[in-house]
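So, here's a batch of structures to check.
Below are two complexes that have chain A in common, paired first with chain B and then with chain C.
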Partner chain A sequence: MHEEHDRAAGPDTPVIPPLGEHLTSPRTRNAMLVQQEVLAAAREHLRGEGFTELLPPLTGPVTDPGGRGAKQLDVDFYGHRYKLMTSAILYKQVSLNAFPKLFYVAPNVRAEPPETASTGRHLFEFHQIDVEIAGADRNGAMAVAADLLVHVVRRVVENLPDILRALGRDPVFFQELLRGGWERRSHAEVVETLTGMGHAQDGGSEIDWEGEALVSHKADRPFFVTDYPKGSRGFYDREDPERPGTLRNFDLLAHGGYGELVSGGERRSDHRSIVIGIRESGENPRKYDWYLEEVRRGIPSSAGFGMGLERVTRYLTGLDSLWQVSAYPKLPGVVTP
Partner chain B sequence: MHEEHDRAAGPDTPVIPPLGEHLTSPRTRNAMLVQQEVLAAAREHLRGEGFTELLPPLTGPVTDPGGRGAKQLDVDFYGHRYKLMTSAILYKQVSLNAFPKLFYVAPNVRAEPPETASTGRHLFEFHQIDVEIAGADRNGAMAVAADLLVHVVRRVVENLPDILRALGRDPVFFQELLRGGWERRSHAEVVETLTGMGHAQDGGSEIDWEGEALVSHKADRPFFVTDYPKGSRGFYDREDPERPGTLRNFDLLAHGGYGELVSGGERRSDHRSIVIGIRESGENPRKYDWYLEEVRRGIPSSAGFGMGLERVTRYLTGLDSLWQVSAYPKLPGVVTP
Partner chain C sequence: MRNLHAGGFPEEAVRERARRGPAALFPPDADYGATVTGAGAEPTAGTGYPADDPLEGARLVPPVFMPERLEKLIDLGREPLFADVDLRTDIGGFASALPLYVSAFGSTQVGSGLALAAAGQAGRLGVPMVIGENVAPVSGYRADASVLRRLEAYEAQVPDGVGGVVVQQSTEDADAEVWNQVYSDPAVTRLVESGRLGFELKVGQGGKPGLGGMTMVGDDAGGRLADRYDVSASLGGEGGLCLRSSSPGTFTEEILHQQIRFMRNNFPRARVWAKLPPGRDIAQVVRVAWAAGADSVTVDGAEGGTGWAPSVFLSRVGLPLGECLRRIGSPGGCLLVSGRMWEAGRAVVALALGARAVGLGRAALVAVDEDSEQGLVRLVEALAMEARLLVSALGRYSTAALSPDDVLLPGTADAPAATVLSEP
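After this line comes the complex of A and B, so read on.
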């Protein structure tokens, strides 16, 4: 079944073994034990900081429009066309009046272009540790993301040293990370660096994945990239009132070539600015009816982020590709169970 | 939006408030804190017993055919028609060689008939604590299910007494449960009881939900129902070799009218018996290609179960309906975000 499709998908597309073989390989078993520890550590840390865990929706009338080139998937809800969640960001915002500090371990589905099957960094099904904090600004969200990653890395390094060793990952890789002092660079600075390296990075878009890998390779610990240009992200990211055209958002990039681990920012929360954001992104506000009704009733200002679970697990294990850290991997365009 | 649909769905269909209002009600907030505690208690208990938690798939070429009258939902996987998981039972079995004791907190989607919107016991999206144990028989799985429920109930009663009180739930309701000594009744006995009560229960099917509520109302603690007739469940349930036509499976029913909390059984694991099971259920084995290939390579004998998370939370909180214990409720046929 997959042999056939692999050929169609191109010579670089990984060949995924049958599921039973994939799961019984010592590499997958160890990666899954790391993943389980990441989740336990994240839950322990966030609950200790006063966050409530909720179970996110899987489907809804609309989903996050902010995906980079990924297609949304339709599901029939009793004659209504619903979407599978690419991210539950809108639900996080609407839940903040009830749970001012909340998180999901959210399963998301994105039909990325089949060419991304060989990047090592894209899956059709993946999970985010999805955090939102009422009243927080970007600095607050960045601090929570950094603390969360440090806690997770420390716990895996301390609790699973033999598993990391079996995977070929030397804990010294995380030495600088654990010292803190993570840099912040603006999107514009990163674009300049990449241009200087001969990489053609579009200044008006997110850093592309090759670009992320390049800057990530040069670092010895994770670093933040801030101030993405308007239009490069979803309408919900808040524009800097003092620097129109620039968003008060951030990514957290890994060192060692692993690229983006976290994506987040301050959110728009007033009705007018959200409707403008939707229009500017080329969409019809009517599509977001239920959400805009909630916004009209009032949602708090907030900041938050999504941390890619499989990406963090790959970073911890040092494996080549996200499919190797997924129990039931689905690569874009590759037919597997 | 929902007003319109509620009218279409009939006078008994609950009217779900707008999401922000639903979430900020003290009832929902408290129910979500109970749910969070249920999940923490379940994870702590199962990991302590040597189980590994894996993240289940959301989509696949086939899903569990064992739903009672619920429709499966299609998703387009790059031109291939995939299904949303109604249950990931087949994946559990295939994972046992790698993880002999495993569990998921699995999000499942079932398009139940719109008439079930008013039962209090059906949701379009719900979650199962989905457990499987290599080499176990039915008694083993029943013991794990009972221990898990006792642990969860004890921890919620001990840790969240004020929340239970605020919800109007007196912990004395669980007094007999915590004493143990849960009865086992066969499916045939329950059918006889129900017939004696004037309820027309079909002897060849699962106990219908009105029937479950009736027997559940008469009990003072949970009880097991065993030996469902062949044809009433999915092909993966193992037939009793000494009593053809009877399955070595079980449900765990709550007391107090809350009905089924857990459904499980011993599984078929040999290729021949599985192919026969698929054929007898009226399906084409070719549909299950990837699974049958894995079975041919060898899967262990096992027993396991799914515990309905929202059902357990409703039982603990004493609320009327599952939508009240879901952060983002979707009732069959009722249009909500």
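After this line comes the complex of A and C, so read on.
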């Protein structure tokens, strides 16, 4: 029993064992070996494709405003209010002139609403394999994301069969994935499917967590969801000029109920449209002044994505919850070391 | 030196500006924190009401024939009385005991000091309450009388199944992420899970349409806030205070639409409200807000109160609430109104003209200033009884049954004049 945990997050919130016990459990050890293989495979693949790895910033005057109600964390930077990175998207964009194909393995911090502690898919601290490609369009970014995931899965399945077996994961689960032919569905189609399944999904919003799990349960391999409605994502996602109100972005959803692994899209790169986007998300452009100054000087058009490291590891291991694939897990709203 | 006299000219006002400069655009510094003000502060002699406020000139006009009363009689099996009027209603997604809510008090000294008392009493009454913008960035989210304390004071007293708390966010609050902070705060879980948390996008207010929030701050606080707000040097007023201004926010149809969509996307378990100033395009704006999915739209008439505003905005800027209601016509969603509300005459007229509920702002502050334990509760009890008397006199038994036919607006006495009835 570990009653010392703060249970303000709700009755369904998992109870994490004391850190020492968690770290020494064979399950955690196996999960970390899978994660290590994922990182090595991702780096090998991306470097082979001509990407440069940079180390991302941890703090900055502003960070990704993101969405879905997660709070940013303030840091006192010599009397200036800085933020811990929720994602380094803005830094990715301004780095493209020097590094047109780049990636980070980026630690991010988001104070997600406590209700997410029980989704199995949210952590307060997590990592992304964060990729950006100058001059690419959405199709280009989707192809890179698909190739990356296939490479990572293949390498884990080939190199770690004993560990997968010990975790109870049958490699057959990934058979269809490795064959390719991943479907592409529009957000509107997914909303229609969910509505047909009796799940109330707002057509103007992100697919909710339950909805993602529902559609992802029905699939036998990962699939893309494209064309999210404007207002459901950060201001940096580019609107489709042919179809106002629709964004040229995508998510990659895993099969088996694991939901979103990757989120990405084409980016806005012109000053006017970025300023309007910031205003449409209710913020004062003044706080983004360093970024807007770089945008005025000129940043390339680009597309990119973030692949959740813990999410991919969980998908590979078949474990129930993200905290099981993190060495030092912190669940939203739950006080742990 | 006074050698010149200018009869028939506002000489004293000119002299005041000549003495005080820009400070004369505002009420005297000494009033800051001790007064709340609003348009029509000078009532027309003899009537007690400002001349240009159509709601005050309106009369409630009961008919003699009342088929709805007969229906109520059949329903009850006895003659209905005023106590049979059901004042419960849905306000922007919250069940409310009465067709009223407590409006936002912002970060002015007045609002902060009395807000906790008002929050507790609003909870006890089971009516929704709005927490004003700029409170968190100015006072700190967890500080005394700030957002969290007001939420807790309300929640401690609100009965199950009614009420709700709505938190405003200005552009400066967006910087402090007030909504994200509230939404991710375990202390607010009970309100979220019972569907009683909302967020209000403040587009503007009646006391100063087209301007952002304004308060006066001392030099030390001014320095602390200068990275997020415009803090002027002292206006040269008596108290050495500085004017702290928020940005009014830039809105187009698309920006308003997207901001509301963004709120719905980010906070799926919170209600989404929007508060509008009495702009001349009000009818179009409310339509955009409802179409984007706002659960409720509040129109704050030019009579709306404020803790601090340039005097010229109170006397010359914005549509009176009655004119807003006329332009909006039959509402396409939940419409809330505020501005000079304190008794049921004005409130029932507004409800009959399409509002779902009315907001108490200054009235709530004055009431808790009168009695911090019971003042607001008693004021509302009086208003509720008065409303039941008026609504029942109109032959109605719920506020939803009221209609524009129940109101005679000034200058519109065009009721069917006596056409000659044919003899039987």
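In this section, the second predicted complex is superposed on the first by the 330 of 337 C-alpha atoms of A that agree within 3 Å, B and C clash if a C-alpha of one lies under 4 Å from a C-alpha of the other, contacts with A are read in each partner's own complex, and residues count from 1 in each chain.
Here is the rule we use: contacts are C-beta pairs under 8 Å (C-beta built on N, C-alpha and C of every residue); 3 or more make two chains touch, one makes a residue touch a chain.
Just so you know, these numbers come straight off a predicted model, no measurement behind them.
Chemist: Look at where chain B and chain C land on chain A after superposing the complexes, then choose clash or fit.
Modeler: Verdict on chain A: chain B and chain C fit.
Chemist: Touching A:Ser281 in the superposition: chain B (first), chain C (second), both, neither?
Modeler: A:Ser281 sits against chain C, while chain B stays out of touch.
Chemist: For A:Ile299, using the defined touch cut-off, is the partner it touches chain B, chain C, both, or neither? Pick first, second, both or neither.
Modeler: In the superposition, A:Ile299 touches chain B alone.
Chemist: Does chain B (first) or chain C (second) touch A:Leu178, or do both, or does neither?
Modeler: neither
Chemist: Using the touch criterion from the header, give the chain among chain B and chain C with more contacted residues in chain A.
Modeler: When the residues of chain A touched by each partner are counted, B comes out ahead.
Chemist: Applying the touch criterion given at the start, work out whether A:Met197 contacts chain B, chain C, both or neither, answering first, second, both or neither.
Modeler: Neither chain B nor chain C is touched by A:Met197.
Chemist: Tell me which partner A:Ala143 touches in the superposition: chain B (first), chain C (second), both or neither.
Modeler: A:Ala143 sits against neither chain B nor chain C.
Chemist: Is A:Ser232 in contact with chain B, with chain C, with both, or with neither (first, second, both, neither)?
Modeler: In the superposition, A:Ser232 touches chain C alone.
Chemist: Touching A:Val15 in the superposition: chain B (first), chain C (second), both, neither?
Modeler: In the superposition, A:Val15 touches no partner, neither chain B nor chain C.
Chemist: Which partner chains sit in contact with A:Pro114 here, chain B, chain C, both or neither? Use first/second/both/neither.
Modeler: Both partners, chain B and chain C.
Chemist: In the combined three-chain arrangement, what's the angle at chain A toward chain B and chain C (CA centres, steps of 10°)?
Modeler: Result: 110 degrees at the vertex chain A.
Chemist: Of the partners chain B and chain C, which touch A:Ser205 in the superposed model: first, second, both, neither?
Modeler: It touches chain C, and chain B stays clear.
Chemist: In the superposition on the shared chain, how near does any CA atom of chain B get to one of chain C? Answer in angstrom.
Modeler: Once the two complexes are overlaid, chain B and chain C approach no closer than 7 Å between C-alpha atoms.
Chemist: Can you give me the overlap between the chain B contact set and the chain C contact set on chain A?
Modeler: 111, 114, 332-333
Chemist: Note which residues of chain B are touching chain A in the complex, please.
Modeler: Listed in rising order, the residues of chain B that touch chain A are 1, 18-21, 23-24, 28-29, 32-33, 35-36, 39-40, 43, 47, 52-61, 73-78, 80, 84, 91, 94-95, 97-99, 107, 109, 111, 114, 124-125, 127, 289-291, 293-294, 297-299, 309, 326-328, 330, 332-333, 335, 337.
Chemist: What does chain A use to touch chain C in their complex?
Modeler: Those in contact with chain C are residues 6, 8-10, 67-72, 81, 111-115, 202, 204-206, 208, 229-232, 276, 279-284, 287, 332-333.
Chemist: Please output the residues of chain C touching chain A within their complex, sorted ascending.
Modeler: Contact set of chain C toward chain A: 169, 171-172, 174-175, 177, 179-181, 183-184, 186-187, 189, 192, 201, 227, 247, 250, 254-255, 257-259, 261-269, 293.
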